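Shared chain: subunit A. Partners: subunit B in the first complex, subunit C in the second.
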Partner chain A sequence: MATLTAPTPRTALPGVLRHRATRKLVTLAALAAVLVPLAHTHWAGGTWPQALTVDLSGPLGGASDWIIDNRDSHPLFLYFFGHVSNAVVVSVRVVYLFLLAAGWAGVTALGAAVAWRVAGARLALGTAAALLVCGLLGMWVPTMQTLALMVVAVLASVAVGALLGLAAGLSDRMDRALRPVLDTMQVLPAFAYLLPVVLVFGIGVPAAVLATVIYAAPPMARLTALGLRGADKEVLEAVDSLGATARQRLLTARVPLARKELLLGVNQTIMMALSMAVIASVIGAGGLGDRVYQALASVDVGAALAAGIPIVLLAVVLDRVTGAAGERLGQDQHGPRPWLHAAAAAAATVVVALAARLAGRLDWPTGWTVGIAGPVNRAVDWMTAHLYSGVPYVGGTADWAGRFTTWVLDPVRSGLQWLPWWSVLLIVAALAWLIGTWRTALTAVLAMAAIGVLGVWKPSLDTLSQVLAAVAVTLVLGFAIGIAAARSDRVERLLRPVLDVFQTMPQFVYLIPVVALFGVGRAPAVAAAVVYALPAVVRITAQGLRQVDPAALESARSLGATSGQQLRQVQLPLARPALLLAVNQGVVLVLAVVIIGGLVGGGALGYDVVFGLAQGDLATGLVAGAAIVCLGLMLDRVTQPTRRRAKKGA
Partner chain B sequence: MALAAPTRKPPNDDSTEAPVFAVDGLWKVFGPKAARVPEDPELSALSPAELRERAGCTAAVRDVSFDVRKGEVFVVMGLSGSGKSTLVRCLTRLIEPTAGTIAIDGEDVRAMDKARLRELRRHRAAMVFQHFGLLPHRTVLDNVAYGLQIQGIGKAERRERAAEVVAKVGLEGMEQRRPGQLSGGQRQRVGLARALAVDPEVLLFDEPFSALDPLIRRDMQEEVIRLHEEEGRTMVFITHDLQEALRLGDRIALMRDGRIVQLGTPEEIVGSPADDYVRDFVRDVPREQVMTVRRAMRPASAEDAGNGPAVPPEATVAEAIEAVARAGAPARVVDEGRCVGVVDSDALLGVVAGVAAPGDADPDAGAV
Partner chain C sequence: MRRRTTLTAAVAVLALTTGCGAADMTKQASPFANARGARTVTLSVQSWVGSLANVAVAQYLLEHELGYRVDLVQIDEVPAWDALSQGRVDAILEDWGHPEQEQLYVEDKKTIARGGGLGVTGHIGWFVPTYFAEQHPDIKDWKNLNKYADRFRTAESGGKGQLMDGSPAYLTHDKALVKNLNLNYQVVFAGSEAAQITQIKQFAKEKKPFLTYWYTPQWLSAKVPMTEVELPPYKEGCDADAAKVACAYPHTPLQKYLNADFAESGGEAADFLKKFRWTTEDQNEVSLMIADQKLTPAEAAKKWVDGHESTWRAWLS
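Here is the complex of A and B:
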C-alpha cells in the first residue's frame, strides 16, 4: 500500500493516490480521445452496434439439436457421458432407497449418532430435532430426495476437489494452471453452471448432480491446495531430516497438517452443494428445491415456506456439525477408546431402525404432519390486505417496492441503456484500473465487450442496473451496521447469531420472504439480493475495523482524537483492504441472487436462463449464461483490489 | 554469569581417530547457475555484495573445511546470515551443497543415492530444530516415536522405545499431551527426544534454544551437557549465542559471511582471536571463566616448589584467583603430581584485563 512508501502515512496517502489516479485517468482519457471518435463515426447510437454482434443462437441451437439427436448413438455419449449419467442415477437411487429403508426413525437416529460422535451431544439433539421438524412439516420424502442427491454430490465433490487440490498442492505448475480457474469459478453465479450441464445431460438428476459437483468442488480444491501449501516448512524439514520417503511425508505429515483446511473445505463444499442442489431443482433435481420452485411459480408462499424451513434446518445442522468437527480437532477430548462410543452409536442406530421397521412405521406417519401452508397463506393474505399499501405515514411494502422500482431501478436502467455503449466500456475501464491494475481493467473491458458481442447488451444492462441498486443499498446498510458492530460489543453479540444463520442459508431460500412481502418483480429480486449479501458485508466490515492495529488507535486516542476522528482518520483508512474486500464480496453475492431473481419476476438474464430451460430453447439460455459469466467476471475484476495490495494489507 | 563446566576435557582429544564428519571446500550458492561460482576463481573471490551484483547469486557457505571428531561437541557460531544454518543442513543434504566434499565416517555423502541418504538420515544423523518442527496432531509419545515409525518399526516397540527416551529428557507423565499443550522448553525436549529416539551417531542442533526464554535456555543447555556426559554422543551445535557456544563447545567454528574465520577451542577463540572481527566479538566475554591457568602460568622456579596452593592445569583463571586470594600466595599448577608452572596475582589480573600474560601461546610474547 501507499503507506509503505510514505513516511507519514495518514497525510501522504490521499496525495499519493490522487497522483497515481490522475496518471491513470489521463492515460485512459488519451486512449479514449483516439478510439471513441473512431468508434462513434462507425457505430453511433446508445446500444451496442448491431454490426459488432455475433449471433450464436444458430450454431448453439444446432449443437443442442445435434446432441439431442446423437445422445443415444454417438460413442462419446455411449461410452463416457452415458456411463457417468448412469452411475449418478444409480448411486442417487441407492442412497435414496437406503434412506427410505432406514425409515424416518432410523435416519433420525443415524443423523443424531453421527452428530454426537463428531460434534457432541448438544448438536446431536439439534440434528434429531431438525430432522423431526422436516417430517412434521410433511416434507420427509422431499428432504430425503434432497439428502440423497446431496450425499452423492458431496462425496463426488470432495473426491474431485481433494484430487485437484492434491495436484495443486504438490505441483507448482498445476497450482499456477488451476488457481485462476478456481478463482473465477468462485465468483460466478450458480445459475451460469446450469445450462452447459443440461446441454450435455438433458434435464434430470444426472445434470443436477453434476452441476452441483462443478459448483461445490472448487472450494474443496482451493482449501486442500492451501492447506498442503501452508504446512509449516520446518515441520516438513524435520520430517525429511528423519529420512521419510515422499509417500510417508505426504501421509504422515502434509495431509494431517492440512486437516483444518480439509475439514473447512468439506464444510464449504457441503454448504455450496446444498445451495446448488436446491437451485438445481430448475433442471430436475427434485426434492425440497423443487417444492419451493413450484410454490414460488404459483406465488404460494405457505407451501414455499413449508419446503424452505427444512432447507434452512438442513443448512444450519450441516454447517454446525461439520464446523464443530473442525473445531474439535485441536483439543482431542475423546476417551481412551473412541471406537467403543462409535460402535455404541452404530448399534443404537441399527436398533432404532429395526424397531421402526418391525413396528411398520417406515414412512412418516401421515397423522403427524402439521400443515403450515394454510395458516401462512392466510397470514400472507392478511399482509397483502393490510401491509401492501395504504399503511398510514409509512406506506405499504408494495408501495415501497413500486417506488423503488420507479425512482431507483427504472432511472438507473434507462440511464445505463441510454449511455453510449463505448462510454460504458470506458467507465468500466476507469473504475477497474483505479481500483486494480491494468490487467484487471483489460479483463473487465473484454468481458463487458463480450456481452455486447453476444447480443445481450440490453438485458445485461438491466441485470447490471439491479445489481448496482442492490449493491448501493447493501453497502450503505452493511457499512453502517458493520461500523456499529465494530464499535459496540453489545451490537456485535446481538448480531452474531443472526449473521451465523443468515450466512448458512442457501440463496434460493431468500426468495420466499421477499415474495411474501413485496410480491413479484424486480424490486423483490433486489431485496433478496440485499438480504443475502448483507451478512457477509457486515461481517467483513466489522472484522476489518476491529483488526485495525490497536497501537495506532491508542496513539490517536492519546492525542485526544474524538471517537468520530478515530473512525474517520484511523480505523477507516487502515481498514481499507477489508472494506474493498467487502465491496467485492457484496457485488459477487448480489449478482448471484439478482440472477436467481429471474424466477420471481426479476427479468433480464436470469429470466432468459429460466425461459431457455422451460422452453427447451437452450441457445437463448446458453447465451444468457455466457453473459452472466461475463458480467460476473467484469464485476469481480472491477472491484478487485490488486493482489499485491491485498497481500500487504493482509 | 558462570560459563563452561570448569574442568571439562574433550572426551577424545586424539585427532588420529577418523573424524565423524569431514567437510572439505564446501560451497553452497543460491541463485541462477550457482555451480559456476565455486569453479570460477574470480567469482569466488568476490565479496557477498559484489557477487550478488555480478552473478545474482548468494553464497551462503563459502569454501568451508572442518572435521568433527568423535564424541566432541562441535559448535558452529555466527550471526544471522552467516551461513551456519545452511551449513548444518548441507551435512545431511537437506540443502544440496554446490561444491566440495562431505564425508561421514569416510563415506562420501554427496555421492549417496536416495536410499542411502535416507538411511543416513534415519540412523546416523538426527536433527533438532529451532522451532521444534513437531507434528501438532500427534501426542508427545507419537512425536518422539515418529522417527522410528519412518524406519518401519512396529507400534508397540517404537512406543516402548519412545517412552524410555521421553523419561530420559524429563517429560514423564506428559506422553499423552499434544505439542500445543506444552511450553516452549518442553516442546524442545520433545524435539530432542525425537532425535535421540533413533539412536543416531551424530546429533545436529540448529539453534535449538534461540526461541526459548533465558532461564529455560540455561536448563536446556545443562540438559545437553548432561546428555553429552552420559552418552558421549557426537554433536554439531549451531548457535548465534556466544555464551552458549563457549558453554557447550569443545571446539568452535566462528563463521562470518559464509566463511569460517576462526576454528578452535573456546580458550583459543577468547585468548587469541584471529582477527579484529573475532576480537570484537569476544570483547565482553568474562575471560577468567574461559581461560585456563595454562595461559597465565610462568615456569616454576626453585623457590616456588612446595609453596602455595595447587591447582590443576585445566582450572579456570577464576578458580585460580580464588585459590590465590585465599592463600595470599602464588598457586602452583600441578599436573599428575608434577609442578608445571606457577600463577601469581599479576599474571591472573593480566588475563582478566586482556593484557598478554607471560607464557601466552602468542609467539610474539616470547617464552621467558
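Here is the complex of A and C:
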C-alpha cells in the first residue's frame, strides 16, 4: 500500500522539479475537487459503478458463432485467411521435411557451419554440442518441429518488422502513428494474443505461427526504425552531395549504417519467437512446447525438463550466435577469400548429411538417449519433501506461503478493492503525471477506466495486488543480487548461466515445483512471477551499477569513502536511470506471467484467460485479456520516467 | 510504368503460389503430418492421464499392428471439438459430454461422427481423503460439510473451508452448488490439473484433511485413496440451469468421436478406433504405469498390450 499512497515528491529531487511536481499535484487536486463530488453523487460506492460498464458477452459470443458458421464458406476466409493459413502450413512443412531429410548429422553439421561462418569456431562447437544434447535427451523430432516452426515464424517476423521499421524510419508521420502501437505491443503478455488468433485460424500450426509473428515482429520494427533514424547526418550529407537518388541513399548508406540495430532486432525477434513457440503449445503448435505441456499433465517435472533443456539450449545458442554476428560486423576480418570458407563449410555439411543418409542413420539412433526424468523427479521430490513444512526455526515453504498470503496479499487486495473507484483513478493519474507527462497520465487513467468499463474491476484489482506484491519481492531480491554481481566479477560469472537458464526456461517447467513448495493459490503465482522477472532486473541493475563513471568512484574513494558509502552515495544515485528501468521491466515481466499464475491458483484475470482458452469462451477470455493489457499499459506508464529505450526481456 | 509492372508481377506470383482459387483452411492438415509418405492418424490428447492412456494404447496398436504413423495433439476439450470438426484432429477417444458442441457439430453441421462408447464410465464428485473419512464417517453426507468447514481452511479460502477445483477446462457447477446448498466453503481454482494433483499429494503426505472436486477413473485415486461426499442425488435435468444446480454430477458413459470424413474414408484406422473399447480397470492400469511408475506412454502401452491380447485382437478384426 505504501507504494500507492505516497505520491509526494521525494526530497532528493532538485528544487525546480519539486516545484513542477507540486504544480502538477495542485492542478490534479483542483481537477479532482470538481470531478470527484460529481462522480460520487452519481455513482457512489467502492467498486466501479454498474451503470458505466459495457457488457460485451453478447456481441463476442455472436462473433464467435459467426466465425464457426462461416469459416468454411465465407469469401473472407476462403480467399484471405485460408491462403495465409495454407502458406504457413506449406512453408513449415517444407522446412520440416528439409530438416528431416538432412538427418540429425546433417542438421548438426549445418548448424555448426553457419555458426562458424558468422560467429567463430568456439560457438560452432557450442552449437553442435547443443544440437547433440537435444538428440541425447530423446527430443530430436520435437526439436526439429520447433525449429521448423521457428524458422518460418522468425523469417516472417523479420520481414514484417523490417517493413514496418523501414516505413517508420523514413516517414515521420508513420513513425508517429506506429510508435504508440509498438509501445503497446511491448507490454502485451504473450497469452493475450492466443485467443483471437485461435478464433480465426483454429487450433494448430498456422495459429501458432501467426501468434508468434505478432509477438516477435515489434522489436524488429522498433530497432529498424531506431537504426535508420540514428544514421550519422554527416555521412548522409556526403552521400547526398555525391548526387545519390533516394533509393541509392537508402541502400548504400542508411541500411548499412543501421546494420548493428538490424542484427540486434533479429536477435530480439528470435528470442521472443522461441518463448512464444512454447506458449503456443497450448493451441496445438506441437514440438518441444507440446512435450513440456504433456509432461505437465502427468505431473512429471523430469520429462518437462527434458523438453525444456533443448529450448534453453536453442535460445542460448541462437542468442550467442546472432550476438556474436552483430559484434563481428564492424570489424570485417573475413580474410582474403570469405567465399572460399563459406563454400568449404557448405561442402562439409553436404558430405556429412550424405554420409549419414548412406549409412541409414537419418533418424536419431534410439539407443543413444539418456533418461534424465527419473533422477530429476527424485531430486524434486526430495527437495519438496524436505522444504515444504517442518523445517526447524524458519518454518517450511508452505508456512511462508500461508503467511505471505495472509499478511501481504490479503491486505493489499482488500485495501485496493476497498478504495473508491475514483480514488484509484486519481492515484494512477498522480503517479503517472509525477513521473511522466500529462499524456502518459492520461493514457494510464484511460487504461484503468477501460478496465472498469469492461466490467472486470474487482478481479483486475485482485491481479494488481498480486503484481504489486510480486514486483516488490522481485525488486528487493533483484537489487540485492544485482549489487552483489556488480561488485564482484566472480559472482557475475557464476550468475550469467543461471540467469540465462531462468530467462529462457519455459515457465510450464517450474509450475509443478512451485506448487509443490508453496501449495495452490496466489503465493505460488507470485513465486512463478518472481522467478521469471528476476533475471532481467538483476541484469539491468548490475549493468547500471557497472556503468557508473569510474572517475566519480575514484574521487569518492580518494575522499576516504568506505565501499558501503561509495555504493549508497555514488553508485546508486548515479545508476538511478538504470534502476528505474529495472522497475519498469520488472513490472512488465511480472504482468506477463499473470496468466501462468492462473494455472497454479492465482485466480482473477489470469484464470479467466485460461478459462476462455480452455472453454472456447471468447467473452470471458478476451475481456480478461484486454484487462491485462490495460493493466500493463497503466503500470508501464506509471513506472516509465522518460522515453524507454530498452527492449522487452532485455 | 516500371512500378506498375512490378506490382502486376507481384500479384501474379502471389496468385500462382497460392493457387488462385479458394483455400478452405478447415481442410488443411498439420504440417507435421504424413511426413515421408506414411499414413498418419492424428489423435487428440486431453490434459488428464486417462485420456493419455487411451491414446497411448491406440497409438501403439495403430503403429505396430496396422503400420500407421500417429501424431498427438494436446488441446483442451472444447477447442478439441473444433479441431475435430476441421479435420486437424481425426479422433477424440474420451469425451465427457458436451451437449452444446454435439448439437452444433454432430447434428447441425455433420462434420463430426459418433464413434461409440469407450467402455469406461466417468463420474465427477466431491472427495475427501479416505484417512479423513475413516476418522469422521459422517463427512460422507454433504449436510455435515459445514461442521468440518474450519478443518478445511487454508490461507486462500479466507475464513471458510476450501473446496479445491481443478482445470478450467473441466465441467464444474461447484460455485453454484456451494451457494445453493448454503455451504460455508470457498471454491479455490487450482487452475490446472497438474497443480491440483501436486497439492493433493502434498496434503496426503502430511495426512491433512482436504475437500476437492475430483473424478473417476483417475490414477491418483490408487495412490491417495479418496472417499466421495454424497451430494443430493442426481436426477435427469436437475443440472439444466447452471446457476440453480443443487444436485450431484451424473455418471457419464464416456464417448468417442471421429471426424466425419475420417470416419468414412479412414480405412483400417477408423474401423479400429470405432471398435476400441475397454474397461475402467484397463485404463487405470495404463494410467498408473504412466503417471506413477513414470513409464513413457509407449512403454506402458506395450506392457498392457503384451498382457491383454484377447482384448485388443477384437478391435482389429
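Convention: the second predicted complex is superposed on the first by the 541 of 650 C-alpha atoms of A that agree within 3 Å, B and C clash if a C-alpha of one lies under 4 Å from a C-alpha of the other, contacts with A are read in each partner's own complex, and residues count from 1 in each chain.
In this section, a residue touches a chain if its C-beta (ideal position, glycine included) is under 8 Å from a C-beta of that chain, and two chains touch if they have at least 3 such contacts.
Because the structure is a prediction, the values reported are computed rather than measured.
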| item | value |
| --- | --- |
| Partners on subunit A (subunit B, subunit C) - clash or fit | fit |
| Partner touching more residues of subunit A, whether subunit B or subunit C | C |
| Touched partner set for A:Leu567, first subunit B, second subunit C, both or neither | neither |
| First, second, both or neither for A:Leu97, with subunit B first and subunit C second | second |
| Partner chain(s) touched by A:Val610 [first = subunit B, second = subunit C, both, neither] | second |
| Which of subunit B and subunit C A:Pro256 touches, first, second, both or neither | first |
| Touching partner for A:Glu237 - first (subunit B), second (subunit C), both, neither | first |
| Touching partner for A:Val114 - first (subunit B), second (subunit C), both, neither | neither |
| Superposed arrangement (fit on chain A Cα atoms) - minimum subunit B/subunit C Cα distance in Å | 18 |
| Touching both subunit B and subunit C, residues of subunit A | none |
| In the complex with subunit A, residue positions of subunit C that touch it | 17-19, 22-32, 35-36, 45, 47-49, 52, 71-80, 82-83, 86, 88-89, 104, 154-156, 158, 164, 167-169, 188-199, 201-202, 205-206, 290-291, 294 |
| Partner subunit A, residues of subunit B touching it in the complex | 89, 92, 94, 117-123, 126-127, 129-138, 146-147, 149-151, 178, 180, 191, 194, 198, 204 |
| Complex interface listing, subunit A residues touching subunit C | 68, 71-72, 75, 77-79, 81-83, 85-90, 92-93, 96-97, 100, 145, 148, 198, 201-206, 281-284, 286, 290, 293-294, 296-300, 302-303, 373-374, 377, 384-385, 388-389, 398, 401-403, 405-406, 410, 511-512, 515-516, 519-524, 597-603, 606-607, 610-611, 613-616 |
| Residue numbers on subunit A that touch subunit B, as the complex places them | 232, 234-235, 237-245, 248, 252-253, 256-257, 259, 329-330, 332 |
